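Okay, so chain A shows up in both of these, paired with chain B first and chain C after.
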Partner chain A sequence: MAEKKKVIKRLKTMYPLRGLVDKMFEKAVEYSHEGKPVAWCMVNWWGGDSLLRAMDVACIYPEDYGAVCAAAGVAQTYLERCNSDGFPDHICGYARNCLGYASLMKAQGGIPAGAPMGGMPKPSLLVGSGYFCDTRFKWFQALGRYMDAPLWLLEMPHPGVPESLGKDSEKYIIRFMVEELKKFVAFLERSLGKKMDWDRLDEIVSDTIEMNRVWWEVNELRKVKPCPVHSRDFWSCMPAALYQAGDPKETTILYKNMYDEVKGMIDRGEAAVPNEKFRLAFAELPPWHSLGFFDNLAERGWNCVVESWAYHPPQFIDLSQYKDPLERVARHTFQYFAGFFKHAHEAGEELGYFGYPYIEYVKNYKCDGFLAHPLLTCRTATNHLMYVQDRLMQKLKVPSLFMEGDIIDYTLFNPDEVLRKADAFEEAMLHYRDVRKKEGLDW
Partner chain B sequence: MSEHNLKGIAKAQKIYSDRSQRVKELKVAGAQILGYMCIYPVVEIISSFDLVPYRIFGSIEEPITKADNCLPTCVCPFLRSALDLGLKGKYDFLDGVVMAHPCEVAEKLAHIWRTYMDPVYSFYIDTPHATREAAIEYHKESLKDFQKSLEVFLGKGASSEKLKKTIEDYNEQRALVRELYDLKKPDPPLISGVETIEVLESLMSIPVKEGNELIRDVIEEIKERRGGPAKGARVLIWGSIIDSIAVVKLIEDLGANVVMDDTCVGSRFFFPDVETTGDPLDKLARRYLVDLKCPRTFIESGIEAGKKDYAEDLALRFGYLGDYVKQWNIKGVVLYALRFCDTHAYEVVSVKDYLSSLGIPSIYLEHDYSATSLSPLKTRVQAFLETLGY
Partner chain C sequence: MEYFLGIDIGSRLTKGVLIEGNKIKAQKLCSSGTNYHSTAQRLRQELLAEASVSPEEISYTVATGFGAQSASFGNQQSDELRCCARGINLIFPQVRTIIDIGSISSRVIRIDEHGRIVNFAISEKCAAGSGYFMEILANVLRVELQDIGPLSLKADNPVRFSTGCAVFNESEAICMVSEGFSKENILAGVHKALATKISSLINRIQLKQSCAVCGGGGLNVGLIKALEREMGIDLLVPEQPQIITALGAALIAQKIAEEETHANTAGEKKFTDIG
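== the complex of A and B ==
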């Protein structure tokens, strides 16, 4: 498939946000040279980043580095190294990339030659997470073969929808999270040999919540028809919030700039995709190695207007009444995890995260279709997709298209096949527009 | 012959071949049956309400057809199979289900199961990965909620005394299972790995007291019987769920004896007791969260020291395997993981490293949970046994 011209209109304000990722990796290399602490972290949805930042630890995210390696075309070397060390090939592509990288790092005694973006320097700490996927801490545990950095597990409760709504549930859930965070602070203080700066933490937490509020507002604007922000822009600037790639106060300004740009586009009736014909919700992680493919879809008028709940900021709630910054961290993160649960319960839906949010998104963003990218090596991004496909059809009469692939391994993705299916899928989307109309649904 | 006329191993084999027969009889007599998935739903709480806990398994013999519409092929084939059986009506006799969070996919399955199977009663017990005090406390709160939901479902209150008594019944069962495993220490062992699974699966299919009676008979029988297993390579099997005798049979048919295991249908589920003093919910939370040694739980060294020593970490996480190796005189280990089982897949290399440090050879087998794909595994096991000198 020859790559077509760039059709998707990119936001100008996206670039400085995207640039924060490069800066994040550069900062880690600098810190490492200066003998300052560097942590390899799993994306933990605000559970620990503010605390690390307040302790002046440079954080990098091997997950993100996996995407970087895939885009730079060097992932295959690391994947092969991981395989030859004996790890099964069905585990997460990001993890295999990182395990292979760490193995080479050990063998070469430093950042492997040719590592993109200056490489990931040796960590002083590993911060795994108990959020969602098992890989999030099993992978970091497996890194013990290659490095002596201690590993902390940031824990996250995963109650079910009805179970989370019990009389005392919220109380003990938050208590648990706060206690875990306290232990994390103690671990950091011990490992780094210095005390937490609580005032600094307080400020960072407030800034982080505000940053996510503005980012949430930007995404709310995408409900407008035609949609001014394509998923590609979303993915480019989500790390700024999700990984706290930059200083949250400064990042907030960048998101505000984005808000203004998007607002202006709406006023002028501008869209990310000229002639937006079909609005799609995209699940879950994109094929990082083939992002240009979305231009091929955009050429047909396909606009990806909303993505998985997993990468979106939580719906804003005012947490200013909670003076303890750890409690604000806990409540903010739990709001992200369980923010849809009450509605899910009312709608009789059991999968309150990863599942139900798509139902709301598809309705509120008025999507014609659900574009799913199942990943052979990621259970988390895949196990609910058929369920969602079924719920969307049952409840909203919205059809789905599955395009099999992988986040790292480009050989598993077949863009031509997706394009072959595109005509039939467009017909299905048109057909279901009529069906929805007949059933009284308003898009 | 009905299982009522049978005793000991023959009875266990009969139950294994038709696991739900006994609970269906009990159901006709008025009992209520609660299905549970994996080893984390607390069976003591279920039984303390006079409900019969019944472990949900899959079937490696039965092709997955219906679950294909609900769960993709890149997730745990055991879970897909279990759901498939459910969708085909094989678990229709259950009055409800209790699920937990052994791994990410099983946690999702709990919610997907509720959606598609629509059980009259269901509860999902959140199970943290951490084992710190706050996690234990949180887990205890979840268990309290579980108790409360059963109270509402059954219209009767929980009794702390009854719970303590039930814990004692289960501890008795666990002691008997450990006694059974002691009979696998001699060379040759007095009971085969295949028979062990038949007995243990029976215990998970009948009420606890009946199970205790059964295993007592089994122990008595095998202590006395002649013609048990012949001598062979003494093997430990580690890994993901093994709920069919076929995998162990494959190894034993090649002349080895699976004398020890670390899987969730074996010692992993049965070995740890629940402490009987103090608040029973607290002790249950500790037993299930801290004492069950499954790769899904996070244990790590170096947290205090601020620096990890890999050898120390391996000893902390897998030291119990070293004890098994010594006590059961293990010559080789089969590491068995289901394809797409992340919790076990990440562990394989470290377990291998640990075993190598003890001088114990191991082989890694990956299985897709189907009977038809066992033969290539056979060739590999055969080659492995040859390297052990058998």
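== the complex of A and C ==
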């Protein structure tokens, strides 16, 4: 069979950033061999990672590893193992992958044979957060069936209501978060038997904020028509910032290189998808097992130019006035989770976590369509999609296409079904281009 | 004389329409069977024979439907949504919302005055909005498929199904049979459940009148009445609701051929001008 043509033009500077994920897992295996601490972390708030790194703990992320396993085509083994241990099919694909992996690890007495990227070694610590997602409250607790490791959950207030914009609310939220971080430091010092290196933490926090600033600037460049960076590249580079996969100082340099490459492409009028006909916003996480599918869409001139806000870095705010690194961590994190609430409130939109940023993104990135990927096993990434569909149609006259699937379980995704709707969706996108023009919207 | 052919290969039935201009010259449908390729070939031959047209006289063929790729004689494939939209637009130009109830899924489509798609929603993996679900129920109740519509209209106390799921509704219907509910009341309850499901799809794309029903579901008078009650409007149903998508495929074939001719003529003219 002839090899499938790859249509999406990938950024050269993406590869070293993507390579950081491999290095992250390799480092954890090395640490494990050397008897140094390894933490299994949920994508929590970035603060947790910085604190762990300052204590010289290697961090790996079962959520990211789920994506790795799906892309490598081995996730099904772990999913089936998880099922046979009695966990239901409808819980999060990442969690099922992780639980199945842990079950095999226990049965085989170490990293399961054939685990991609060298596997995840047994953790010395489990660090999670219930923020964002219901599965997370119980997932790491359920790992207790397979391993014995101390668990810490980082929490923060959920400020997605108008009352959270009231006078002094932010002050109290930040105070709470700083207190949470102090307790986390005490837990780490107790568990690891050493003191926090505050100077190192200060440096890591500053570097992390700078890294996210540069990554944010790269994404700002994607507003240009035609867009030089497809979502495929975004997803490949995202772990470097989202999971702090490498040293943030070095990662910042890699993102700067990417900025330069993208800027050069813009100057030359180059796009990620030759002959960009339609610009799309993608929600939420992609089908990691079928990323080649996006080449089928790119062949039609569909360029995915922006994705879920939850995986994007926050808009930069200057935090240099705050000397306490824990406060900088708290404020940076608060900006990520709640920075857009004020804008949403001013625009008369719901403050709910996932809705409003899409309205801003679709408008600012001049999208023709909204490509939604409801996930059978993830309520957090799905429950707002219908709402977003309605708001985008009512407010911006932008249509949506739904492609049902899953991040990990390929049996739930049918790419042909999506392609069969593509012609019709193109016709709808063209129709609404005319409607927007008539209504004075500028794209 | 120029003829255009549309073939719609569905999971249960294959439909074909041959047009000349905007007039239907021949139309046919048959069971898709298990070999879509030979079914499509046979249907094509029958259409040509009925219209006394030779294969060479077919200017362009568009295939659509679940098995579109099996029509090896087709010049091009097109999606069912666009074909359905173009087909209805020819029969009922005033229609702006279409409900297409097929065997494996139901589709609702909003169109503009030219029959172009404005928005759409599909019942996707859920079988509860599909024609196949009606077949399952006909089997459970030992009733011929074509009789379920008229029978349901005789209901005096339609049952209420507790879920919108085809799998649960099937077992619920079996329980109702054993509890002594009449076939008429069970069928009316099923139609009400289907109408609710389809109506929620319509809400997603926002109803704009007039509204027409096509696909095999259009033959079910009980379902049509249930939909009218649920939506509070009168629905239009074409005389042959099953062939609408094939008709649209033929119209798309005609349009493509016209555009190609136009492009060629423009090219020739340009060449002549240069000469």
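Remarks
Everything that follows uses one rule, which is that the second predicted complex is superposed on the first by the 434 of 443 C-alpha atoms of A that agree within 3 Å, B and C clash if a C-alpha of one lies under 4 Å from a C-alpha of the other, contacts with A are read in each partner's own complex, and residues count from 1 in each chain.
The rule we apply is simple: a residue touches a chain if its C-beta (ideal position, glycine included) is under 8 Å from a C-beta of that chain, and two chains touch if they have at least 3 such contacts.
Predicted model, so just to flag it, every value in this text is computed and none were measured.
Contacts of A:P399 after superposition: chain C is touched, whereas chain B is not reached.
In the superposition on chain A, A:A422 makes contact with chain C only, while chain B stays out of contact range. Legend: residue contacts after superposition of the two complexes on their common chain; A:G114 is shown touching neither chain B nor chain C.
When both complexes are overlaid on chain A, the residue A:W139 reaches chain B alone and has no touch with chain C.
In the superposed model, A:H431 lies in contact with chain C only, and not with chain B.
Touching more residues of chain A than its counterpart among chain B and chain C is B. Using the contact criterion defined above for the overlaid structures, shared-chain residue A:G269 touches neither chain B nor chain C, since it reaches no partner.
Once the two complexes are overlaid on the shared chain, A:G73 sits clear of chain B and of chain C alike.
In the superposition on chain A, the residues of chain A contacting both chain B and chain C are 386. Contact residues of chain B toward chain A in the complex are 69-72, 74-76, 101, 103-105, 107-112, 114-115, 123-124, 126, 128-130, 132-135, 137-138, 141-142, 145, 148, 295-296, 298, 300, 302-310, 313, 337, 339-340, 342-343, 345-350, 352-353, 364, 366. The residues of chain A lying in touch with chain C in their complex are 386, 389, 393, 399, 402, 404, 417, 420-425, 427-428, 430-432. By the touch rule above, chain A contacts chain B in their complex via residues 85-88, 90-92, 95, 128, 130, 132-135, 137-139, 141-142, 144-145, 147-153, 155, 157-161, 163, 166, 168-169, 172-173, 175-176, 179-180, 183, 187, 190-191, 349-352, 354-355, 374-377, 379-380, 382-387, 390. If you check the complex, the residues on chain C that touch chain A are 78-82, 85, 109, 112, 116-120, 122, 124-125, 204.
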